[in-house]
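Can you read through this structure? Questions will come right after.
A, B and C label the chains in the order they appear, each numbered from 1.
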Amino acid sequence: MLEIDDLTVDYGSVRALDHVTLRAPLGSITTVLGANGAGKTTLLRAVSGLARPASGSISFAGHRIDRRRVEDIAGLGIAHLPSGQGVIVELTVAENLRLGSLISPKPPAGRKEDLDQVYDMFPVLSQRRRDVAASLSGGERQLLAIGTALMSRPRLILLDEPSLGLAPRAVAHIMAVLRRIHEDSGRTVLLVEQNARSALSIADRVVVLNLGRVVIDEDASALAADPRSMQRLRHAYLGF
Amino acid sequence: MKRLRVTAARALRLTVVRHGLAALAGLALVLVVSAVLPSYRNFQLAELSYLVCATAGLTFLAGPGGQISVGQGAFMAIGAYTTALVINHQHWNLAAALLSALVVAACVGLLLGLATARLRGLYLATLTLALAVALPALVNVRGLSGILEGSNGLSVLASPPPAVLGADFSTPRWQAWVTGFCAVVTLWFLANLGRSRYGRSMRAARDDEAAAALSGVNVARVRLLAFVVAAACGGLGGGLLAWVTSLASPGAFSLNLSFGLLAAAILGGLGSLAGAVWGSLLLVVVSSVTSDLSSGSRLPIDVANNLPGAVYGVVLIVVMMTFPGGLHQGYRWISSRIPALVRRSRPPGDGAGRGSGR
Amino acid sequence: MVRFLNLTLAGITDGMIFATIALALVMIFRATRVINFAQGAMMMLTTFVGWTVQDRTGSYWLALGCALAAGLVLGTLVERVFIRPVENGPELNAAVVALGLIVLINALASMIWGSTPRAYPVPFSLRGYSVGGVRLLLSPNDLFTIGMVAFTMTALVLLFRRTALGLRMRAGAYSPELARLLGVRVGATLTIGWALAGLIGALAGVLIAPVVFLGPDQFDTVLVYGFTAAIIGGLESPVGSVVGGLLLGCTLSYVSGYAGSEVTSLGACAVLLVALMARPSGLFGPATGRRV
């Protein structure tokens, strides 16, 4: 589904990603872990076109996308939810959701159906549909961001630290939502997290970045079962 | 000998000494340039100098002060009318008249600054813009129009060069001297102020108001100071303008002047006083060169009269697109590339790469 | 009493025009964070286009249409050619480019049309209605002005609130990066914003030209009033610009009616000062402090 080959991204003189290769197969949840500054966010920004690669390639569903414009990549069915601010706070809940549905041209009937589904899944959004997103709590905003992404009927969802700054209960809720979305529709998810425990609980595959390089790329179940791998994971995070 | 050199090197590191030397060099430059140029060009040198005064005030306001004013023309108008009134009615000498222009403008700036203490950025800018339009219109108000002569303006009694300089010393040259002196002193004062405790407080307040306030900076006071200083510079520039052109009239302080001064300040590079000189120089040079060209050509009168404006507009746009950091940055960019270009143009094997001259 | 009523009526008509200019400024500021100092010069140019068409064909309506079309084209052109290249530089650079445009456009207009102010015709009678023998300062032409502005405002509100394009434009203005991630062509929405602002400005120019006459420098004062209205309204809010425009229009009308027309511009200064002392970021601006 998503194929990243030998990708290198520089920010000025700093190398953020160093020859990274990874696969996110159709219908899988792949989680990318790593400490601050490991290059996780840059990886997602490169996929959605916000960061320009110095070398390497990114393909989505068979198309090269690494030189395309952000808007066009979004149009192909890749929804990127940046960390922290995933919603436009000046717009109302309903407007955010409508904006999501505008990406792909589809009949109003389909739009209505999607909207009902999102409101079904997140009743809190339905209650507050006329409120501006600025008035929502952090967890509610994250749900709105996910809902907006779903309205665009994405084939691939890129999530950047959805648990950032949320209370443990809200994190558990978000993870449950992600698992449900994945089980309901089989969408491909690339999940960047610092919170390894919650990410590992739903992931099929785990990639660990350290200083811009891939240091682990394994099945989540195999990783969890193998104490040595867990040690390497700790090493990548904490440096010992 | 060696000790002397070390002392000199140490002294050069002192800001006050450096600024003092730069100011002396500036004065020398004014003397030399005014001697070389013909009389008519001396008038332009004077024009440049009073523009530098006003623009430097804006640069200071925008640099350390972090505020934008679109109404510098209003303060120039205040200075100009003050000068005209005290020279014509009180028969004050030039120095006293200019000083009074500076003080009156500073007082108006103080009042306005107190009233607008809570305003930031564009809100303050628009208020000064409204002032720039409203103030010149005052000359037609009943009661004032008698003293200020309405739209015709006040003509200022001319003061000839002092007798010490000889009988045939040209007036424009004398004007270039006085205005040049004022411009250099203004720049010198602003440079020192920017480096002083107040300057540091201003920069701190500009960059992070809350942090500055927490570290004991009286934010309101330093912002007010920057505003008053800028107003005073405008007043001085306006006073000089009235004296040089022998006229204080509302037409001289149109919106175009205020826009032009702001453009000169930004164009030169906000925050660098050298930029204020560059920006003003461009303002004067472009218009004088193009009017020389167009007056000699056989273009229709409407086209010839407006060619300088058109060219100046294009220059503003092109410079801003080419050097986003202003002319001063462009100058630095070019001068830092010259050694590299020289090196590259040397044939290989001729010691290229050694002694880079930096 | 009749005098007060008349001054109010005149103030509303003027205020609607100030509001229109303010609206053009607000649209551009909201979308691109650029203060378009060149709005007045652009208005002047499009109004001259209208004047020329009127001069050749004698049709007010054709001239209006051409001026509006010229506004669309000019807005697009200015954004694409002049503003886009400096958008990523320091914020003030766009302001200098706008200042450069003023000088350039003024010079070009003086070259083509000369610098003597010209009269611009009105489509309807300027004779005020009379009610019970009292002549009001409200003419059919004033009603036309108010109607045109009200129509434009309503159309804009509907565009922003009800259409997909409006939603995209707002998203692009508030949060360009997120909007792009949601597939909005932000570059295009910005251009459309400038084009619409050009159109609105062109309308204001044609409506104000009969009052202040048409010449390279004739619109300066009106532009400053438009700025003042926009700032009073808070720079970000279309509703604010209407309120600001009406407030300013009425105040200026009272000032010039009771204190004399020479102090009108000083009155604008005073209104601005008072409004900003009460609320430093305008009546409808963002509340204290910006969101971080």
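Heads up, the rule we're going with is that a residue touches a chain if its C-beta (ideal position, glycine included) is under 8 Å from a C-beta of that chain, and two chains touch if they have at least 3 such contacts.
Given the structure is predicted, the values throughout are model-derived calculations rather than measurements.
Novice: Given which chains touch which, is the overall layout a line, a ring, a star, complete, or other?
Specialist: Graph shape here is a line: each chain touches the next, no loop.
Novice: Quick one: point me to the chain whose Cα centre is farthest from that of chain C.
Specialist: Comparing chain centres, A lies farthest from chain C.
Novice: Measuring from the mean C-alpha position of chain B to the mean C-alpha position of chain C, what distance in angstrom results?
Specialist: Each chain's C-alpha centroid was found; their separation is 32 Å.
Novice: Between chain A and chain B, tell me the centre distance in angstrom, where each centre is the average of that chain's C-alpha atoms.
Specialist: Each chain reduced to its C-alpha mean, chain A and chain B end up 54 Å apart.
Novice: In angstrom, rounded to a whole number, how far apart do the mean CA points of chain A and chain C lie?
Specialist: 43
Novice: Name, in rising order, each residue of chain C that touches chain B in their complex.
Specialist: It is residues 35, 37, 82, 85-86, 89-90, 92-93, 95-97, 99-108, 110-112, 114-115, 217, 220-221, 224, 227-228, 230-231, 235, 260, 262-266, 268-269, 272-273, 276-277, 280-282 of chain C that touch chain B.
Novice: Can you list the chain B residues touching chain C in their complex?
Specialist: 68, 115-116, 118-120, 122-123, 125-127, 129-131, 133-135, 137-138, 140-142, 254-256, 259-260, 262-263, 266-267, 270, 302-303, 305-310, 312-317, 320-321, 324-325
Novice: If we count contacts the way the header does, which residues on chain A are in touch with chain C in the complex?
Specialist: 48, 50, 70-71, 74-75, 79-80, 82, 85-91, 95, 98-100, 102-103, 134, 148, 152
Novice: Could you pull out which chain C residues touch chain A in their complex?
Specialist: Residue positions touching the partner: 164, 167-168, 170-171, 174-175, 177-186, 291.
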